[in-house]
Every structure is written in structure tokens, then in C-alpha cells.
Amino acid sequence: MVYAVGAGAIYAAQFHLLSHSIFKALLFLGAGAVIHSVGTRDMRLMGGLGKQMPLVRTVFVIGALALAGIPILNGFWSKELVLEGGLANGPLWMYILMVSGAGLTAFYTCRMVSMVFFGEPRTHLHGHDAGTAMKIALIPLAFGALTSWLLAGPFSHLLGEESLPFHGVHTLTTLHILEEIISIPTLIALLVVALGLLAWWQRGRLGWMAKAFNWLGWSAEHSFGFEAINHAIVNGTQATGEGLRVTQTGQLNWNVMGILIGLLAVLATLIIFGLGA
Amino acid sequence: MWWQVIIAIVTLGCAVEAIRAKKLLVSAMWLAGTSALVALLLYILGAPEIAVIELSVGAGLVTVLFVFAINLTGEAAPPFRSLIPKPLAWVVIAITTGTLIWLNLPMLGASLPDVQGLTFQAAFWENRQVDGWLQIVLIFTGALGLLGLLADEKPHQDDEEVSA
Amino acid sequence: MDVSLLTSLWVALPLLSSPVIYLIGRLTVRRTPHKANPAGWLAVAALAIDAILLALTVDANNKGIATAFKFGDVVMRADGISFVLGGSAVLLGLLVTIFSLQYMAGEEGEEKYYALLTAMIGTIVGLGCTRDLFNLWVWFEAMAITSYMLVAFYREQPASLEAGIKYLVQSAVGSTLVLLGIALVFASTGSLDLDHIMLVTQSGSTLLLAAGALFLIGFGVKAALVPMHTWLPDAHSMAPSGISAMLSGVVIEAGLVALLRVMGAISGSSLAWGWLLLGFGLLNMTLGNLLALRQTQVKRLLAFSSISHVGYMLVGLGLAVTYGLHDGAAGAFFHLITHALMKGLAFLAVGALMYGLYLANHKHDALMVDDLNGASKRYPLAVFGLSIAVLGLGGLPPLAGFMSKWQIFVAGAEAQSTAALVIVIYMALNSVLSLGYYAPLVNRMYRKEPSPVILTGKRIGWQISLPLVLLTAAVILLGVYPTALSWLTDTAATSLLALFGAI
Amino acid sequence: MSLASIIILVILGLVGIGLYALLITRNLIKVVIGLQMMVKGAILALVLAGRLSGQVNLGQSLALTVVVADTIVAVIALALAVQIRRHCGTLDLNDLATLRR
């Protein structure tokens, strides 16, 4: 989304926000249903749950496919729109990065779905099916994930006139938007997504590759060090905040010094960069 | 020309003494001296009206105020070590003024054109009359501020402090 | 009514009513010392009438009638920027005055408080309208002089006096630097009229570069640009809460507007001005957020967050000036308005809590973050207002603060340059960082057990509650209908780009 | 050396000395003296600017407003100093640094 805004594709960003909110809500609720049912969050302990909770499995697969950007589902349309906006306005390397990201997403969603819902039960978790209330929440979302892209036109209309008039969002019909989406870059992106799927399918044959990527699995287990980095960032920021408080000496002399330092900095900037203009 | 240079040097000398003087009252007197010499420079620049005002307000009124304030607060204790190292202050001031002089080089050689146009009365009372009106606002709010800060404190507050 | 008379009345009414408020208030106190002081109600009336005049002036302006008047050689003209600044000042001032009816009741020198507050609002309105370089300084100085005593209003509190003198000295240094800049501009262009100066400004003049630097620093002291910000946390935390709201919501923005006016006039001298604004904006954001992170006093925390919010406005304006983006300016002015509302609400809500916890018990302690624990149990309205305000300041959708920040982000994206993109991402990260100190406040107020201070708190009256309700509603409504003010911010943005000669 | 350049050096000298006083002095009254020194420089600057552009009387009327405004600032600053002496018992800036961090 940030990528889209950055590339100036405001409408695409907003549209992806809409799609994203629908399928992510679906996935989170689905995952919540699963966790509620089996009482653990560890994916590796799950497996074969599809038999026990068929409805959850169905809607979860829909959400996952939308997330992976498989055609017809809403995630596909909006993601393509984002990528295209990026290709039109942003640098190429960023586009390539984003497309690879899409491929990776397809890969890990498949892995997740297969681990949780298909295959043999890994441990003896006695899951029970989701309650009625949960189902009632999930079904409309799944329906939304299937169809919300049809609203592309009205949505652009809404954005264009109601909430974001400053941004020059063009009001387009759904058909027009869909036509815009289906183009060669879309096919490339689809190909990459398909590659991601294939990689999962043929994971057995890609054993050599898996070995090469063993370290990746290991680091993934340790959250790629993100946990540690997260910790470091939070602590570091807090420490910087605490450390900077020393600059607020409360002494008038130093405060005036601040004014002078500001003056010197501005004068220096102007002399270095301003004289040429 | 040389006498102008001498006045300039004496003015700056007074200013330096005002900062260097150990006693506040002496400092205030040197400030009055600086003010008087600035008035003289203003006169030399061809601005006799503002020179008179500077002399009476800057050298007169403000000095009286300083003397009052110093009397009310008492003389300063012997000088302390400054909070900012003096060499650092020196360097910063030198660089700042140096840069400003360098940026002002085009103006240094400027010649002074003949005075033309409005009289002082016309300039102040007609052209800049909004500034005049605003001076009234300034004086009014200033007086309010002064009253607010220095008016007698209500006795009951002191009672509370005593009882507490 | 004649439009130019209307405009001049809008500017002059607060200034004219100020002595009346003082005199009537003073006389009443003399004659009947134990009766309630009428000064507050008079100020409310004067500001309400001024708000009507404002509405009429804006209406005339929207019809295309020039809202200008000439005073000697000095042209006063109300444009979009004037309406943004003057409108915030009058409306927030009105709410602050209503708030003060109870908050300041019985304080010594109440009539001086209202007279100075009204005069300050008048000077801010004038500051927004004037088109004369030196006259701008006079309005600016008048605003400063009215605010000195208001900051040091609790003249028996050492801390408040200390804050007052720091504020005074730093802003006096700033205004002297501005004077030097004015002298430089006057010497090199021979004119004081901003529009005329813009026409004759040439690029590459070192005199104008020096003048620009002096303006940036001089007005920057009042606008709290880092590293000239050091007075702000002291002054904002020690002033009476209504004044904190005014200082944070309008006065620092007035410094910003003054800066824009003069920089616009000499912007032809260099291309670096926009980049300087961007640079200061990023610096302000970072430092304000980092310093707010570990604060233990609520008002001090809010004061540091003001520093970071000036940063957002500066980035929006910098984007507008550097890339000629209309949206950047519109976003910045929208943020100016929403910040005035949100910060006004935050300070008034904190003031309401302070009143209940301390002032009503005749204490002058600072409100600490720990005092807020479980405050929702006893002060649901004030706590709700404060929560909405800080969440809005943190940029949570769908509150007003999110919409204005979003507009600035969008402007950054529109610039289509990597540098602007990096700035936008950096801004977004800063927003997240700011939630790191806003969110715990809300959490504390709603989810912790009430602290002993809370349980002994006094009730607060309708005079305090009414402004809180109105401001809370405004923050929420502007979040839901951000376009409600786009006519105003768009006009202001057009005015700004005209100032910088981009149109 | 022309008169203009002499005056410019005096202006920057006064401003520099005033700023130096603000940096190193620890007494509040002396801080106000430093401020006044800077203002004197600014007044000279305005009159000089008027003279340089041939409108010395305009410069004078600006300087008049500055004199009035800054006298008021000095008055309020001194009143604050008196009040600070009364309630904080000191004029030393090092002791007037309770608001920090």
C-alpha cells in the first residue's frame, strides 16, 4: 500500500486497502476460529484440520487465495492495480521487488493452508468445529473476498467525489479498471505467483534447494531475528529519548546558544547550497 | 572621518565595559553611555529626531528603570564561572558576526544618498499611523503586564503562607 | 456593511474591547470584591461578536470581494492564510475564554487575564492580515508582549516565573534578529511592502540570504523550530491551561505564518528555502517525539508533541515550496487547523483534570502521568476528550489528525521524487513512534486502577465541559468529513503559492 | 572607510556583544542589559537602512516604534526579575534551571 501511495497511485492504494481489509479480516477470523478450536497457536502442531472444520477450511482457502493474488478473487485485482501503478510511476527495481514479494506471499500462504488444514494430523489435537456465530461472521467476508472487486467502479466514484477530491483520483467505471488491469505486466505477475505455487507443489523435488535454504528455515524459526531487532529498536529509541533529555538543560545561556547554533546552521546551509541558485 | 571611527570604537568600548563590569549599577551606567553614543551616531546618520528619543528613553528612562530594579533586587553576588565555557562563546559569536559581515560586504562600500521624501512627522503620523496605533496597544498591554506582575499581593495569600 | 470596514472591525474589535474588559472588571472588583468578576463574560461576548465578524468577512471573501483596507501606507488584506490563522485564534480563543470562566474564577488579576487574552487574539488576527514587513514585526511583538505576562500568570509560583523569563528572553532575542533582517531587506530593496519586495527580489543577493536566515531563526524561535525550541516545554507546561492551549494551538503557528509571509517575499533570492523548511521539519519531528517519549509530566509531554507537530506542518509547507505542490500547502494548513483543535482539546482536557485534582483544592502541583491512572472512572468526559485528542494527534483514523497527516503524505507522494518519498516514510515512522507515548496515556486512563489523587478530585462545571464537548465533536467530525474545510485550506494553499510566486 | 561601513560594524559589534552577554552572564539583570545592547544595534540598523534607501525619516519612524516596544519588553523583563528575586530568592540563571528535561 505504501508502495502504491509512494508511486502516486492513490486510487490503487485505497482499493487495495479495501480488498486487504476484507480478506485479512477473513483470514484473521478464520485463524481465530482455528486457534479457538485447537487451543494452540503453533502451526506446526496442526494438520488435517480441514476434516474437522470444513466450512472454516473453505473460507480460509478463499481468503488465502485472495492474499496470494489468484485471479477472480479481490486480492488479485487490487494487487495488480498497485503493481501497475508502481510500474508506471516508480523505479523498475522496486517493481521487481514487489512482484517477487507477491510470489513469496503465494508460497507461504500455500504452505500455511496445507499445514493447517490438509495432510495428516501431526498431533492429537481434538478440534471442534467453529460455532455458529463465527460462521456467520466468516461467510459474508468470504463472499466479499470473492466479489468486492466488482465494486471497483463505484468505489472510485466514491473516492473521487466524496472523500479525497484533492488528489485528482479519476472516476472510472469497473469495466474500465478491469481492462486496465489485464495487461502484460499482469501476466508477468501472474507467472511469478504461479512460480510460487509451483515451488510449493514440487517442494519434494526441490530438496536440494530446501537444503540450501536450511539456514533460512532456521532463521525463520527465530523470526528472522525480527523479534530481536524489534526489541533493539524499541529499547534504542527509548534510550535515545532519555539521552536527549539532557539537551533540555533548562539553563537560559544554553537556550540562547541553541538559537545561535540554529543561526549558524542556517547560514552555513545557505552559503553552501543557496548562493548558486 | 577619523572622528567617526573614534566614536564607533568608544561606543563598542562602552558596550564591552557594560558586560565586563562586576557591579550591576556600573554595568547599567555603561549601558547608558553606550546608548548616548548610539544617539550621537544616529544624529551623525542624519536622524536627529530618533537621536533625541534614544537619548531620553534609552539613556534616560531605561537607565532609571535598571537602577530601580537593581535597588529592588540588590547587587549581584560576586561573579560566578559562566555556564558556557568562554572560549566556546567567543568562537560562536566570532563566527556568527564574521559570517554576517561577510554576507553584508556588498553594503559596506555603499554611499549614502541624499535624504529625500517625507518629513519625520509625515512618515510617522501618516505613512506609519498603524504602527502608532499599535504602540498604544503595546503600551496598554505592557502596563497591564507590569501591573499584573508587580501589583500588591493580596494579604490573605500571605496569611495562608504564614499559617501553612 | 462596507467590506473593508468589516475586515478592519474584525481585526480591531478584540483590541478595542481589551481595555473595556479590564476597566469594567477592575471597577467591579474594587466596588464589590466578593462578587463574581464580569470580565470573563465580557470577553466571551467580545469574542463571540468577533467570530460573527469573521464569518461575515469570510463570506465576503468567498463572494470575491477584496477584504482589504489601507491604514496610512500599510495594506491589510485578509486572504486564506489570514482566515486559517485568525479563524483558529478567534474560535479557539472563544472556547478557551469559556473554559477559563471556571478555571480562572477567583484568581487574582482575573480581569488582566481576560484583557490580555483578548488583546492577544486581536494581535494574532492582525498578524495574519498585514502585508507590511515592519508592521508584521509590530504585530508579532505585540503578541509576544501580551503573552509574557500570561505565561507568568501565577506570579507566586517560582516555576512559572522561571518559564516566563526564559520565554521572554528567547523571544526577545528572536525578534531582535528579525529586526536586523528587516533592516537588511529595507536597505536592499528600499521598500517595506511585501508584495513590492517580492517583485524586486533578485536571486543570489547575499544581503537577502542573510535576511532570510535571520527571519528563519527569529520567527523560528516563536514557531519552536529545533534547536530554538527550548523555551516551549517550560512555557507551555507552566502557563494556565487555557493559555497553554492558545500558545500551542495558535501562537506557535502565528510564528510560522509570519515566517511564511516574509520568506515568501524574499523567496526569489534562493532555491534553498523549501529544503530548509523540510530540514527543520524532520528535525522537529524527531526531537519532539523522542523527548516526549520519556516525559512524566502530562503538559510537558503535550508541549514536546507540539514541537513534533510543527514539524509536520513544516514538511507540508516545505513540500509545497520545494515542489510547488498545492496539496502540500493545503495539507499543512489543514494540519494547522486540526492541530489547533486537537492540542487545544488536549490542553483543556488536561486543564479540566488539573482543575478537578489540584486547583479546586488550592494546589498548584504539576499533573504527572501517573496521576491519570484510572481517571476515566471519575472524569469520563475529560478523559474521553483527552483520549480523542491524543489519538488524533497520533494520527489514528478516522480522527482529524489522521486526515491532515494523510494529506501531507499524499503531497509527498505526488512530488514523484525519491527524496520526498523517503521523507513521507520517515514521517509515517514518526507517527508510529508518537503513538508510543500517546497510547499508554489512554491505556492508563481507562484500564488502570484509580490513583488516590483521582478519588479525591472535585467536580468540574459546565463552563469547562462545554468547550471539551465542542472540541471533541470537531475533532471527530473533521475526521469523518475532512472535506468540510477544504474550501478554506485550498484558499490558504493558493495564497501561499502566490506568496512564493509559484502561480 | 565610509560612514555606512563604520555603522554596520558598530551594529554587528553591538549585537555580537549583546549575544555574548546572553551566553556567558549568569545574572538576570545583566541578561536584560545584553538584550538592550542588541536592540540598540537593531535601531541603528533600521535608521541606516532608511538612510541607504534614501528614506531616513521612514527609518526613523520604524526605529521609534522599536524603541517603544523594546522599552516595554525591558520593563516587563525587569518586573519579572524583581518578582523572581522575591519568590525564588536568586537571580542566578544556574539556580533558575529547575524546569529541565
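We call the chains A, B, C and D, going by the order they appear; numbering starts again at 1 in every chain.
By definition in this document, contacts are C-beta pairs under 8 Å (C-beta built on N, C-alpha and C of every residue); 3 or more make two chains touch, one makes a residue touch a chain.
Quick caveat: nothing in here was measured; it's all calculated off a predicted structure.
Here C-D and B-D are compared, and the pair linked by more C-beta contacts is B-D.
Between subunit C and subunit D, the centres computed from C-alpha atoms are 26 Å apart. Inter-chain spacing, taken between the CA centroids of subunit B and subunit D, is 5 Å. Centre-to-centre, using mean CA coordinates, subunit A is 58 Å away from subunit D. Work out the mean CA point of subunit A and of subunit B, and you get 62 Å between them. Shown for subunit C are the residues that touch two or more other chains, namely 134, 138, 141-142, 145, 148-149, 152, 155-156, 165-166, 169, 173, 184, 187, 206, 209-210, 233-234.
Each of residues 245, 248-254, 256-257, 260-261, 263, 267, 271 in subunit A touches at least two other chains. Multi-chain contact residues of subunit B, defined as those touching 2 or more other chains: 82-84, 89, 92-93, 96, 100, 103-104, 107, 127-128, 131, 134, 138, 141-142, 145, 149. Contact topology of the protein chains: fully connected, every pair of chains touching. Those residues of subunit B whose C-beta lies close enough to touch subunit A in the complex are 82-84, 89, 92-93, 95-96, 99-100, 103. Listing the residues of subunit A that touch subunit D in their complex gives 245-246, 248-253, 256-257, 260.
Within the complex, the subunit D residues that touch subunit C are 11, 15, 18-19, 22, 28, 31-32, 35, 38-39, 41-42, 45-46, 48-50, 52-55, 58-59, 62, 65-66, 69-70, 72-73, 76-77, 80-81, 83-84, 87-88, 96-99.
Subunit C meets subunit B in the complex at residues 15, 18-19, 22, 71-74, 76, 108-109, 112, 115-116, 119, 122-123, 126, 132, 134-135, 138-139, 141-142, 145-146, 148-149, 152-153, 155-156, 184, 187-188, 205-207, 209-210.
Against subunit C, the residues of subunit A that register as touching in their complex are 2, 5-8, 10, 89, 91, 162-167, 237-238, 240-242, 244-245, 247-250, 252, 254-256, 258-259, 261-263, 266-267, 269-271, 273-275, 277.
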